[in-house]
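Several structures are given next for inspection.
In what follows, chain A forms one complex with chain B and a second complex with chain C.
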Partner chain A sequence: MTQYILRRLLLMIPVAFLVTVGIFVLVRLAPGDPVLAYLGEEKDPVSIAAVRREFGLDQPLPVQYVAWLSHALRGDLGRSFHTKQPVIEAITERLPATFELGAAAILISVTLALLVGTLSAVKRNSAVDLLTSSVTLMGVSFPNFFLALLLILLFSYVVPGRIFPPGGYVPLTQDVADNLRRLVLPAVTLATASLAVNLRQVRSSLIDAFGQDYIRTARAKGLAERPVIFRHALKNALIPVVTIIGIQTGAIIEGAFITETIFFWPGVGRLAVQAIPSGDYPIVQGVVLVSALSFMLSTLVVDVLYAFLDPRISYGSARS
Partner chain B sequence: MRSFARRNPRMVVGGAVVVLLLFTAAFAPFIAPYDPIKVDVARALLPPTGQHLLGTDDLGRDVLSRVMWGSRVSLSVGVISVSIGFLLGVSLGLAAGYLGGTFDLLAMRVIDALLAFPALVLAIAITAALGPQIQNAMIAIGIVAVPAYARLTRGQVLSVRAREFIVAARAIGVPPLGIVARHIFPNVTNALVVQATLGTAFAILAEAALSFLGLGPQPPYPSWGQDINYSQRYLANFKWWMSAGPGMAIFIAVFAFNFLGDALRDALDPRLRRSA
Partner chain C sequence: MTVPSRVLALIGPLALLVAACGPAAPSGGVAPTAGATGAPAAATAADKPLRGGTLTFSINADITDMDPMRSRLFVDRNLMYQMYDSLVRIDAKGQIIPWLAEKWTVSDDGKTYTFSLRKDVKFHDGSPFDAEAVKFNLDRASKTEGSARRGELTPVDSVSVVDASTVKVALKSPFAPFLSLLVDRAGMMVSRKVVEAAGADFTRKAFKAGTGPFILTEAVKDSHYTFEKNADWWYKAPNGDKLPYLDKVVVKPISDGDVRLTNIRTGQVHATNTITGKDVPVVKADPTLLYKEIGAYSWDSLIPNRTKGFVFEEPRYIKAVSMAIDRQEILEKGPAQGVGVVAWGPIAPSHFAFDAGFKPFAKGDPAGAKKLVTDVGKGPLKFELLVSSGNAATLQLAQLIQSQLAKADITADIKTMLFNDIVTLQGQKKHPGMTLIGWSGRIDPDGNFYDHVRTGGPNNDSAYSNTQVDDLLDQQRAATTEAKRTELLRKAQQIFVVDDPARVWFSFGVAQLLMTREVQGVEPYPDQLPRLHTGWLKK
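Take a look at the complex of A and B:
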């Protein structure tokens, strides 16, 4: 097992290297001079040259890349052009809000997927199953920013009492009840797209499991249907579901880009979206790097967890 | 024809909606009832009526006409970005699978690096770097789609490369490019058609998301995502129709391509159907 993890970590190195090269090149492709963006109104050629030298922008690109990477490896992702705040600090102070939103979305998505997916698989081809399949396909096709607006409209203007406010954030440590009330709409929005994928996975894994010999044996020895489903089928069917959930965990920032923007949720996604139009490239670069690394890390954790959960997978061949 | 429809209802329904969308996009200048960018403040914020089926926006522009013109943006981004992903991904997959060795190793690491980014984050990063324009959105979504085609093609090539008909073609002196084009590629097309259809659904959704964030076509030109973003400010006044038109258009287009893609998968690729 240790050997397997080490090999997976080693395989990550060239990929991580290419990821950093990609992010570095992307930012250098961006239109406009980063020095002018950093200096703002200042147009003095001497100051421009000084800043260019200070940031190493007068060096050849490979040298700039090595310098950037060595700083990044030490946790220094530069400073925001506008607030001059260190990028890593800007990201870390917004991570708790993003994690809270992501965790709530995954909780909603997984709970509903398990309940409805199991019901759908047990009552295969029934009206419930057909309805679930249609709703699933609709969920995948519905743009989440449109759903967000509909939810805001519904809970602000149709449902009386404003149970769930249309946006804003109150830290959990400050007021738990208000934090949770404000969390509901963004979390439901973020959960919807992944719910469709999770539900589909739970249903198809369970249907696969129902066709296995051990389920037939369990039924043949007279076991009631409930333990057959929960103790035997669901337990095994959950293994592929773990993969999907793991990947979603890594992709939390992806969904947060839009959801956080609409609901004024002060997370990492909103930070990046606000930085794009103002040309604050260090922030965009930092958020993209953090989201790629967390995505890679979650894929690694999923692979290891998968090998651990399913004894049929040998560590030697588990690399996809 | 009728028996085909009875056997493949999802393909017929999905296909019909896709054809309708393509027709709307192609003939929007002729069938749209009004000019989508012409301002008419006297008719601002009218709710849906017989004259303006989807109402008007704050500048008096007809929402239905903007939705029809917006379909040109969404579908052209869908088709062009899928073509970019298809051409690059399939070429890379065919070359990696057929040539093997160092090229395969390097190509697959590049694909792994592309897969290391969440899809939408990569599309946003590329578009932000290249500048908020429709062409850049197409390039970004196209690049994001490359890994899916490359992996699919490479996998199929590896599975047929050692088969007798390939060995026979090589033995009678067919050049490598001929083998790839005439013998290997046709074996991959079914799976690729399915991927391209589902990929178009993703591309439309991604374009809408990019436009929503201001990274797509710029105002006043109509685009579904951008129009929804613009209409947000009127939700508080309950002017719901400004968002409803483009929102439903995105949903219908994405749903149709997903529906058609699922039906094609069932019809063309029994192996995928079993694993779905």
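Take a look at the complex of A and C:
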């Protein structure tokens, strides 16, 4: 297993390299001149030339790339064109907010998916199943920004007591209660889309499992329904669910782009949303790189988890 | 286990219900908050200002730079007006008034300005504000590589210290709008000690850098900025009260207009200066809120490309577009919903040179426009209208213009693009037809169009060139009286709007302020920036 993990970690190097080439080129392929975006209303030819030089954009693309990569390898992703903040600092100071939001969303999504998905699978084609199916469909169909606004309006004007404020962030370290109050709406918004996917996955995996011989055997030997579901069916149905959750964990950063913007949640997603249209290349490159690395790491964790969930899975040599 | 599904089942229909009736009839759905009195009549001018409290103000985007020398975004200035003082300021009518400079004299040839500075001013870090500080700041702004103020301070030749409280600025040639530049970022004073200690971080950590009414004490990007009262501030209210009244100001960037409004209506935020047109009737009808607006310097325009080989190389086509549109209808039925003022040219109502009688195309004249296009003799006029994507209001505006032009048989093909892409394209003078882009406005009329119509000007995106206009614009810069400048500016405006059009101006913006009824003493200024030093909170 250790060998497998090491091999996967080593494989990440060429992948990360390809990712860096990809983002570097893609960011620059997008039309629009970051220098003009930066200069705004004060754009005279002298400033344009000076800023282009300052940003290093007067160099040929390969030179720019090598310069960026050599700094990146030393842990320096450059400075934001606009705020001049070091990219690493800009990302790390926003990571706690993004992780808190992402973790809360996944927690909500997974808990509900397991509870409701199991119920739907057990009571297949019943009214409950139908209802969850339709609500699920709505969850997938509602764009995040729309659901976010609905929740804000709902808790501001309809539900009395204004328990959940319409956006904003207070660090957990500063005020736990206020932090949690502000976390609920964005976390629910973010959870909804993945909830639908997770719930359907739990339901269909369980239904698959129910059709397996070992379940029939378990029932035939007189086992009560509860242990049949939880001890036998659910555990075996979890493998595809873990895969999806793993992917969602890796995708926390990009998943939160819109939600963070609407709820003015100071996370990495909001940072990227501001950087993309203004052509703040160092920030965009940094966020995509960190996001890609977290994605690769989370898939590795998922693969390792498989072996624990299902002892039949083992990882062999490179030949396999 | 049934609980979650029940909750989910409830949220769906309820959410739809809110979507259906929430924004359309908002005042009906508002539960009264503890802070809101709901009694507009209760707020009278006779109320004695109360001291203390924290006012939360929302801006519509996060700032990028706190350094007045580097700042390039309008939104940055919302913060700067709380923490920095400038040499001169404007009053609510746009007149220049003394500020850190108590008085000044201008030499007869208009080339030397001598400023007498206040002697009772200190920076937040304790360092003294004097002539040396002014020299440091003006030199820094006009000479530093990468300074965003270099362009506007080009007329400055040298700055010299006469004595501790007198500073002399020599200009290369007479430049009438000079004082107006010192109202804003070019005239804002920062502490040398703080700037040098902070280095590259000054752009986002300008703590204790100003002399203004509030001291920046905390900056959390994308979340909030906290200011504490400067107890030693020099400025006093007309009634002799020491200012500011407020203990603290918190500024929060909230980019979504609906969320910003909801934050005000639920008492999370006290005030904002950006309200979308569709929400204005709603907030005006809301007894818990107070909405104020005055005319601003900003304008909106259609920018043609007059470069050879492009459609609008033919100036009569630009005039045809200008004639065909109905500006009143654009203002009232467009996304502005009546919030704003009809514009014929770039000189705004708050400018001294404004001409209320200048209405060259008084009403939409599709027949006249059609005739003009026929006179050109090259068949029907068809062009591409580039519109910034991701903004429903801008698209709606473009569609309204498109429908008005259709009445004159002019076809505008709307194409959406990222704002940055449009700016790039028009900067290279490669936009095929017209673009739809505005200007945030300047205090002096010169700043509202010199760079946009002067041959080779940095913002001359329509590639306009008219020697007569160039001459008139240069002459007004050298003129010493407002009367003379007014005459020359108006002459130029007649040419670049009507006779040989550079652009199609159609509306001026307004300076807005939306506040809860608790907030008192804050008024809108034509530059659209909040002055919170006179504000106070009613209990």
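Criterion: the second predicted complex is superposed on the first by the 275 of 320 C-alpha atoms of A that agree within 3 Å, B and C clash if a C-alpha of one lies under 4 Å from a C-alpha of the other, contacts with A are read in each partner's own complex, and residues count from 1 in each chain.
As a working rule, a contact is a pair of C-beta atoms (placed from the backbone, for glycine too) under 8 Å apart; a residue touches a chain by one contact, two chains touch by 3 or more.
Values in this document were obtained by computation on a predicted structure and should not be read as measured data.
In the superposition on chain A, A:250 contacts chain B only, with no contact to chain C.
Of the two partner chains placed by superposition, A:55 touches none, neither chain B nor chain C. In the superposition on chain A, contact of A:292 is made with chain B only, not with chain C. Once the two complexes are laid over each other on the shared chain, residue contacts for A:68 go to neither chain B nor chain C. Shared-chain residue A:15: touches chain B; no touch with chain C.
When the shared chain is aligned, chain C comes close enough to touch A:82, but chain B does not. Of the two partner chains, neither chain B nor chain C is touched by A:24. Annotation for chain A, partner touching more residues between chain B and chain C: C.
Of the two partner chains, chain B and chain C are each touched by A:149.
Touch criterion met: A:157 reaches chain B and chain C at once.
Overlap of the chain B and chain C interfaces on chain A: residues 31, 138, 146, 149-150, 152-153, 156-157, 261-262, 277. Contact residues on chain A toward chain B in their complex (touch as defined above): 14-16, 18-19, 22-23, 26-27, 29-31, 137-138, 140-143, 145-146, 149-150, 152-153, 156-157, 204, 250-251, 253-254, 257-258, 261-262, 272-273, 276-277, 284, 288, 291-292, 295-296, 299.
Listing the residues of chain C that touch chain A in their complex gives 1-2, 4-5, 8-9, 11-12, 14-19, 22-23, 26, 29-31, 33, 61-62, 64-65, 72-73, 145-146, 148-152, 200-201, 203-204, 220-224, 252-256, 258-259, 262-263, 265-266, 268, 390, 417-421, 423-424, 427, 439-440, 458-459. Here chain A touches chain C in the complex through residues 31-34, 36-47, 50-51, 54, 79, 82-85, 90, 93-94, 112, 115-116, 118-119, 128, 131-132, 135, 138, 146-147, 149-154, 156-158, 160, 162, 165-169, 261-264, 266-267, 270-271, 274, 277-279, going by the rule given at the top.
Interface residues of chain B facing chain A in the complex, by the touch rule stated above, are 109-110, 112-114, 116-122, 124-126, 128-131, 201, 205, 208-209, 212-215, 225, 228-229, 232, 235-236, 238, 240, 243, 247, 250-251, 254-255, 258-259, 262, 276.
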